[in-house]
Structure formats: structure tokens, C-alpha cells
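Below, each structure is written out as C-alpha cells.
Next come two complexes built around subunit A: one with subunit B, the other with subunit C.
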Partner chain A sequence: MRTGICIFMAAFIALGASWCGFVLAPMLQLGGAKQTVILQSADNWPQQRTGEATLGLQVYRAYGCAACHTEQVRQTGAAFEVTLTSLGTQKAADFKDFIKSLMVVPDLATSSNSIVGSLDKWNGELPKTLYSGDDGDVASALADHLKPVGVKTETRIIATGPDIARGWGSRQSVAADYLYDAPVQLGSLRAGPDLANIGVRAPDANWQWQHLYAPKSTTPNSTMPSFKFLFEVRAVGAAPSPDALKLAGAFAPAAGFEVVPKPEAKELAAYLLSLKANVPLYEAPFTPVTLAK
Partner chain B sequence: MNPTENKSSCANEIDASLRVPLLALFGGAALWLVVGLVLGLIAGIKFHAPEFLSACPLLTYGRVAPAANDAILYGFCIPAALGVMLWIFARLSQMPLALPLVPVVAANLWHLGVLVGLGGILLGESTGHPWLEFPRAAAVLLFAAFMLIAVSAAATFGWRKERTLYPSHWFMFAALLWFPWIYSTANLFLNSNKVPRGVVQSIIGWWFANNLVFVWLALVGVGIAFYLLPKIAGRALANSGYAQFAFLTLILFGTWCGVPVGAPVPAWLPALSSAAAALTIVPLLAILIITIKTVCGACVSCKGGPFCFVKFGMMSFILSGILYISAACPQYSRVLEFTWFGVAQTQLQLLGFAAMILFGAIYELLPQVMGKPLPFPKFAKAHFFITMIGVLLFVVPLLIAGVEQGMKLHSGAAFADANAVALKFLRVSTTGQLLVLLGALLFAANLLVMAIQWKLGVIKCVIAYIKSPLEASETPATTEVKS
Partner chain C sequence: MSAENPAAPTVTESAAPRSAAPMWIIVVTLLLLFLGGYYFDQHSGWFNAKVYAPYANAEKLNSFQPQSGETQRIARGKFVYDSVCGICHGADGLGKPGQAPPLAASEMVICKGVSRLAHIPLAGLNGPIKVCGKDWSLSMAAMGAALPDEDVAAVLTYIRTSWGNQAGPVTADDVKKVRADMGRNAPALTGVQLLNLPE
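Right after this comes the complex of A and B.
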């Protein structure tokens, strides 16, 4: 450290190393990222947004929604569930005995108490959860052993964690989710709820408009500022606009007037509705709940 | 260190060469500080009254909040730090500022850049990347201005008469290299027509933000403190062996921090960042030891003077560093991420550490450079106590809010509950913001009155100069008689 050159070199090397690590390496690793395949499906993820939603992303950026909202869901772990859906030709009592005999298998030994215990008072109704816990190996071993016997089981993977419990998503966010975002706005403060899946939670554009126009009209204690300037209050013409907000009480405009979203509000809502990271991926697996079941 | 600066005619020459550049840098900086704190206050009030100014798209929360941060960092901290660095470089080099006109031009360019940048954010032209919100035109101006000042500083450094290098030199010299590199990288990647795909943007953004808000501010803040503390205490910097160690470990480990633990990116990135953050405790401890050993037992009664500012700044630095490190620790991060905790840490770094040290340095150097005492010395003292209380009132409640909100969110509580917990604390922290703003007004008053006095002085001189030949020609007889 006796000459300027020494300091320059030290600083150059230190910063250069981190530049290679955090700028160059991620560019090489992820810069050429492409769509990935959705698990158990032939579809790709993510899909390019519609033009309107792409414009909406810029509206989201311009008004700085990311100052209060994150767009990333965390997951702390995963739970596995093996459910018996059909006994085939077996009888319930025989099946119980079979399960007991299975418990000597080393893969299952650790969870034998809970599996056998759950069958204690069972008298044959279906579906019946045989295993529920965080050990994926036990779940798959159990399913494997039951397959040859002719009963039908279903294994589900469920992401866990406070964010998932609050209904903010069905799995954690992963790098692939943001492939088409420019800028990517992950956000760092949750002064408002996470929006990574707002398109799943609130899929109605009218609701989104109303919430943006007057957050307190949908959520009485809301601390979100209103974005009234994205809307136009105008005299009802010959026919009321189909887009007019359905506002009640103190939020409704004066008689003879209607509130209609400006293009920016429509784009923003289209973007919000496009936010749904609800498909299973290799790096974030889960079993989607299908309503048809 | 404690360079043996001979108080000869050379010192006067040095001060004279710095007068205009420093006034240009500090004057604008003081204004931006007030602007930034006012914007921050507006943003803060919105949490108590969401409809406050909500009809105006320019002042919507998502624009004022980043504008406030940028005004404080780019508007105040950086130009003020550059000014102080120029002074220290000239002092340590024992020679007048090289190319003194260059920093004057640069200061104006810089402040123009901040104006364009803030205007851009308020008009919706933000890039959307934290700490890099300024649109392209502003970024070009800032970069050019920084390079000009760096050239002047490097020239002063290169042509120095006093060849010895002091610890302050290392820190400040590294800072001159740091900013152009990170700022150009971040802008070329994130603020260009073709941005990288997906989360690479966020990764580069975190790298930049960490290197600016954590490393760069640490480099200049500690560099300035390592010059001022021994100088005011009238003794050498204690343990200068540690200083070299602290410098090297700070730049080696510090630059790798910044990627949040649970981020949706390849797992090696956050893992590396957490490890680096844990190691950053090493330079923090070294800097703490040096500071304590230098300060303790020094016979300086500071009573709100520059020494107090710098001491408080260093305390905040250590505290903010510890908070930063703990937030990067995976166990705590799960609770603390996405909460007000991070905001509190940043504000402590900006206002408690960087701004405090800069205030102290400016109060110390300005009377010397201008050759006359501060117009309102009482204001300066009041500024210290008000800002100290203000920063604590601002930051501590936010920290608690962050922890409480985090525990609620982590336990799976509904969002509204977690938000309600935090709001109680935000009430107090807004009071803190108000106090910090009050302090900044006192600071700006001192600075602007000094600048105006100086300008009036210059104008008087010029008038006298214009008049003098006239008088001379009108009354040649008297002149002859006198001579």
C-alpha cells in the first residue's frame, strides 16, 4: 500500500472478481435462458404476455408499485401426501394387514407408527390419506409398494411455508417465472401483499379497476393510496359505458356521472391478471389441485 | 497518520483553490438533502393518510419514495463526499487542487444530472431498478461529472508533494475507481435498449446497489473518518496496521454481499453473498477497534462539534453493518426479508453514517476553506443533537416494526395483521424524519448564508475592481501624492 498503483491494483482485483462473479457469470448461466417445460404437460413456461399486459408492466414500473409490493413467493419446504383412492379388489381389513406387514421394509420403518396409526379407526371409506409428511422418499416408497397389489393411490406434493399458507401462491417463485419481464420488479418490501399470483387470486379486471380507483371500497382498512388519476369521471352519455365501475356508497360518482378506466388502468389491470405463477416446474414441483376431483 | 501539515502560506493557497469547487458541490448538495428529506416525509405521511396528495400522479408513493432515496444518496451524499475528498486529497498532497475549474464544471453537471433524474422519476421515467432509477440522460450526466472530479482528484493525488500515503488515501482512492465501474456496468446492462433476460437484471441490480450503498459509502465514510478523527484528536490513527487489513478485507468481502437469501435465482448466488456478509464482520471489527482506540482518551470536548458528528457516524456505521450482516444470515433473513428492517438499515447507512460524517467534515473544513467562521455556529451544534435524535427516532422504530412485522408474516398471519403492527411504529418514525429535516434546514441555512456572503464578497471585489481604474483616472493627482 505504498504507492497509488498498489491501491489501484487491490481495488481493481477485488471489484473485478465480484464483477466476474455477479455480473459475468449470471449472464453466462442465465443470459441465454429459454422457456422451460411445465411438469406433466407439453406446454412451455412462461408464456409471452399479451401486448396490453406488456404495456401494463411499464405502467406498474412508472407508478412504482414495487415500492410496496413484492412479486416473489417464498417456500420453506414441501409436504407429501399418499392417498388411497380405490381398494380395487381388496377388502379394507386385508389391506390393513398388508400395510402392517409392509412396515418391516426399511424405507418405511421410520414412519411406520404414523402410517399404521392412521389406519387404526379406518373402516374402509375412501379416499383415505395413508401418509402425510415431509419425507418424499417415504411417500414414493409407499406408493411403489402399493402399486403391485392392485390398489390405486395418488401422491401429492404440496409446497409449504407462510406465503403458501396465506394463499399467495402454490409454489415458490423461480428464475424462470421472470423470463419475459423487463424490468424485473421483484420488490423488497411488503407494505402491501405479494402480487406474484394476483391474477389467480383476483382474476376479475373490474375488481382490479375498482381497487385501483378506491382501495378502501374493496378493502376497508387499506393503506394503499388510490390511483384515481388512472380513471376518468365523465357524464353518462347516450348509453352507460360497459367498462364503468360499479361503485357504491361514498365511492360512487355524482348522479349522472360514471367512472371509466383510462387506457393505462386497463393495461395495468391486464398486467396484474397476467401474474400467475401457478404451474409446477422441475425446480419447483407441486401437484396442482384440480377442481374436477 | 496525522500528516504534518505545515500551516504555512501553502495551506492558504490550498484553501483558496478549493473555495469555488467546494461551494458548488456543497451548496447543491444541501439543497438536494432538503428536497430528499421533504420527499421522504411526504412518502412517510402517506402511510398515515393514504389519500395525502394522492390525486397528483407526480407525487404518488411509488415515485416519491425512490426519489427521496436518490435525492439523499445522489443529491447529497455523493457530491458532498466528493467535495470532502477533494479537500482531503489536496491537504494530504500538500498542494492546491489540480485543475480547479474542472470540479466546478463537474459540480454543476452533477447537480443538473440529479435534477433531470429526480424529474424523470416523478414523471414516471424511472428504470424500475432500486438505486438505479435515474433515466439515461441523468445517468450520462452523473457519470461524466464523476469522471471529471475523479480526474481532478487523481491529478492532485498524482502530483502530490507529500509522497507518503495514509489509510484515508486507500479508502478514498478505491472509491474513485469503484463508482465509475459499478455505475457504468449497471447502466450499460440495465438502462440500455437491450437488457439481459429475466432475473439477471435483478442480480446485476443487487450487485450495484450493494457496491454503492454499502461498499462505496463505507469507503468514503471510513476514509473521511480516518482523516478527521486523528486530526481533531491531535494524535495518530491508532493501529494503522489494522487499517490496511480492514481496507483489504472490506473491498474483498464487501463487494460480494447483496443477493438476498431466498431470491429466485440459482442457489449459489445467495449462498456466496451470505458467506461474504458473514466475513464482512472482520473489517467491521477492525474499523471498530481503530476508531475506539483513536477516539478514547483524546482530550477533545466536542459538544456537538465535528468530532461528535464523526463519532456518531462511525457508531452508526458499525451498527448498520451488523444489521446488514444479520439480515443476510439465512435464519434471520426468513423473518426479516421484505420488512421495514431493510429500510431501517438503509436509512441508518445513509443518514446515520454517511450524512453524519459528511456534516462533520463540512463543518470542520468550511470555516478553514472560506477563511471565516460559520455564520450560525449555534445552528451547527443544534444540528448535531436534532439529527442524532431524529435518526434514532426514525430508524429504531422501523427496526422494531420490521422484526414484529416479520414475525407476524413468518408465522403465517394474514397480511392485514402484519401491516397493522408495522403502522404503529411508522407513526414514531415519521416524527424522526421531521427532526432530520429540521436539522438539514439548519445545515442548509449555514451553508447557503456562507455561500451568499462569499458571493457578495466577490461581487464587491469585482465592483471595486471595475471602479478602481476609473477612480484612478479621475484622480491621478491623489494617487501620485499617495505613492
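Right after this comes the complex of A and C.
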């Protein structure tokens, strides 16, 4: 009997510990997640999806899109970038000398080698990145020192990493991005590209339909299977449908016919277009290009 | 084996001596615990839901937040102005006849000091007053009383630097000072009272 109690206790503790780690702790950490405010804006993130896009999430789930696509962008670093955008009335050579003379300033001393080194082979083309590193004090000190001499600089916060270099997003995915996803379609295998901001990369619904109907029509080397059954090939009626797919060449239907999306295809495309993780948040800051102009 | 053959006590296995664990194992364990604790402290963000790698902790994350510079203050001011003030004073700052006097080129707005100007949104304004050579007799509620100091400062900075106005910025401390001088629930000012205030 004693052994039975021991086995029960051991099993209870083992299961209880993993329940605490996998269920309780994440719930305590993120269970109360709410909409957050987009940095330097009064808008909230994320916005609730339209009804069509919400249905599209279930289509995405039903056809197993998450088996080959992820919805999570990873980030390996973050940096401040001070970029010279205008020399004003200064000459490039004078500016170089001025930068060299600046490097004795104590705020900049730690990064002087990289700043001066980056100017070695520079012959005046703009924009020129003067500093790129993770020290915000150096970046702001450099910008402050350059302000009074009449040159224009721009300080940006950028997220770095292979996914971001591929153009799959401006920052990493964070929990807030999935607030209205049920269930969350994170995915774990990338036979296809990440879709966290596909709504920004390919904002045209017709492009999404073409890609679902005949993936090779939009992406020649695609290995994605065709989802033709989400579309209807029908004779053109009195007038061509406004939703008809703009297919060309070998992918186009026979003359007098048109390819139109069924409701499921429209929902799936609406969902894909709603994936737009491109706003800066407190937990994932970056400087959007539009703001920096 | 020895229990079966009591006649041969010489082969009895002696119990292993209860020796203490070697010192080096204890030292290595403590060292590993220390390193683990240090790594946890440096990289966990202490379970903060807002801290993700590569930001090691909330401090590091805060250092990457956009700086709040003058341009950002003015952008904030425009936002507050459009949502609070612009409805009557107009998005162009030219005012609306019968509703609100202009702010563009108004001597109330572009004056040197900021104390008198800050009184208007904080206390409200009632009755006749002359703005840009025209007589106005309207009533403005204390629209800024419920706003935080930073927002009042931002919106005042915005109106002092927009539509051709070129006056200096207003800081949150200025607003705070005026608010403290005024006291809570101050009655709305009249035009005469306002002009008697120091700039």
C-alpha cells in the first residue's frame, strides 16, 4: 500500500509540475493579454478581424496550411542606426575630418573605431550609415553632436535577423499579434515562406486567389499544391465577374470561361490579407520607414 | 552469502563506509547553481510578459524605445489638438465665427510667456474678450483640466508652432506650475481677469 501511495505521489508531482510549467505559468504570464497601443500612435493593436477573415482562419486550419507555413518571425538582435541623409553645405572630406575630431568626445569614444572605420572608403554618397550598434546613448550623442553643424541625420531603431533580412517582417512576432487567433496557427515547418506579414507583402486579393488556384502562375518555383477545388470554372455570363482571376498563358481557362473564387477561397484570402504584423509595439520596437521620412 | 554460512565470518562484506561527498563535487554544484542563477537573471527578463529575446531585460527593452523628442511632442500635440480643441478652433487654427476665436496669429497664443496661455485650457474662459482685433463673447469650458500635464504642454507647443505661429515650446513643468497656482476647481476666468494675469 505504501508503495502505491509513493507511486501516486510521484506521478502527481511529475504531472503537476509539468501542468504548472506548460499551463499555469503561461496563463499567469499572458492570460490577461489585451490590445496594446502601437508605438507613437493612438491606435490599438491588433484589430479584430472582419467576419470573413475570421472564417478564413478556420479554412487555413482545415486545409493544413500551417503544416508548411509558419506565422512567426524571429529576431536575433536590435540596433540603433544613425544615417546621414544630407550634408547641407558641408563637403564630404571636411565632414570626414570633423567626424574624426569628434571622436575624442567621451560619449563617443567607445565606438570611435567603428564610426571612423565606416567612413574610410566613403566618397560622399548618401544616405550613409554612420553608426549601427546597440548603444542608444552613443547613437543619440552622435546625432546631438551632428545637429549644430548643419548636416541632417536620422536615427532609427531596427530589428535584425535572418527572417527580417528575408523581408518577412519588420520585427519579431510577439504574443499580442495572436490575440484574436483561435487557434493560433504558429506552424513549425517552413516548406513555404513565413506568412506573419503576407498581407503587407501581397496586399492584392486577386494575387492571393491566383496563387491558391495555380501557385506557379505567381511564383514559378513554388512547390505548393494547387487548391483548384476552392474555385469554380464557369462560362462567362452576361458580364465577366469582377472577381474573375487574372490568369495568363497556360494557366488561363479556355476562351469564354472564367475562374471565380468560391466563398472559402475568398475567406482564406481575407484571412491572409489580415496578417499584417508591421507595426512597432513596446515589446518589439522599431522605427517604421514612413515615420522616419 | 555470509548469512548462509555463519562458519565463515572472515568473508563477510563490510558495509561501505558512509563518507561525505567529495569537496569538488559540492564546489562544482554550487558553481553551476550560481552560473545558472546569473544566466537566468541576465536572460529571463524575470518572466515579464513584454520582454522577448533578444532584449535581455526590461531595462534593455526600454533603451530601445523611440526617444521622445520635440518632433514627437508636436506630433502628440497635433493628435490632442485634433481630438479636443480642433472641433471648435478648427484644424487650421483659424477659429469658427460664433464658436471659437482663431489661434493662428492670436496675441494670446504667441505671447512670450506661457503662464497666461496655459490658464485658458486649464481654467476655462467666459465672456467678452478681444482676439485679433475682433470682439468675442463666448464661453470655453476647462478643456485641459482633465488632460495630463504632458498633453496640455504638447498641445500648447503645437498651437504655438503651427499655422505660422513661431513661439517657444511649453514644458510639462510650466503647466504643472500653473495648475498648482490655480488650485483645484478654479472658476472659469473672464477676459479681464485673464489679461490681468502676468504673461
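Here is the rule we go by: the second predicted complex is superposed on the first by the 234 of 293 C-alpha atoms of A that agree within 3 Å, B and C clash if a C-alpha of one lies under 4 Å from a C-alpha of the other, contacts with A are read in each partner's own complex, and residues count from 1 in each chain.
Criterion: contacts are C-beta pairs under 8 Å (C-beta built on N, C-alpha and C of every residue); 3 or more make two chains touch, one makes a residue touch a chain.
Bear in mind that the values here come from a model prediction, so they are computed numbers and not experimental data.
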item: Subunit C versus subunit B on the shared subunit A, clash or fit after superposition; value: fit
item: Geometry of the superposed three-chain model: angle at subunit A (Cα centres of subunit B and subunit C, steps of 10 degrees); value: 120
item: Contacts of A:Phe12 with subunit B and subunit C, given as first, second, both or neither; value: first
item: Residue contacts on subunit A - larger count, subunit B or subunit C; value: B
item: First, second, both or neither for A:Val37, with subunit B first and subunit C second; value: neither
item: First (subunit B), second (subunit C), both or neither touched by A:Thr76; value: both
item: Contacts of A:Tyr63 with subunit B and subunit C, given as first, second, both or neither; value: first
item: Subunit B versus subunit C as contact partner of A:Gln29, first or second or both or neither; value: both
item: Touched partner set for A:Pro285, first subunit B, second subunit C, both or neither; value: second
item: Partner chain in contact with A:Ile157 - subunit B first, subunit C second, else both or neither; value: second
item: Subunit B versus subunit C as contact partner of A:Ala175, first or second or both or neither; value: both
item: Superposition-derived minimum Cα distance between subunit C and subunit B (Å); value: 5
item: Subunit C-contacting residues of subunit A that also contact subunit B; value: 29-30, 33, 76, 172, 174-175
item: Contact footprint of subunit B on subunit A as seen in their complex; value: 1-4, 7-8, 10-12, 14-15, 17-19, 21-23, 26-27, 29-33, 61-68, 70, 72, 74, 76, 162, 165-166, 172-193, 215, 219, 221-229
item: Complex contact set, residues of subunit B against subunit A; value: 46-47, 50-51, 54-57, 60-63, 65-66, 124-130, 157-158, 165, 169-170, 173-174, 177-178, 181-182, 185, 189-190, 195-204, 206-207, 211, 244, 247-248, 251-252, 255-256, 258-260, 262-266, 269, 272, 334, 337-340, 342-343, 405, 409-412, 414-416, 418-420, 422-423
item: Subunit A-touching residues of subunit C, taken from the complex the two chains share; value: 47, 49-55, 61, 63-67, 72, 75, 79
item: Contact footprint of subunit C on subunit A as seen in their complex; value: 25, 29-30, 33, 39-40, 42, 75-78, 80, 136, 140, 155, 157, 172, 174-175, 280, 282-285, 287
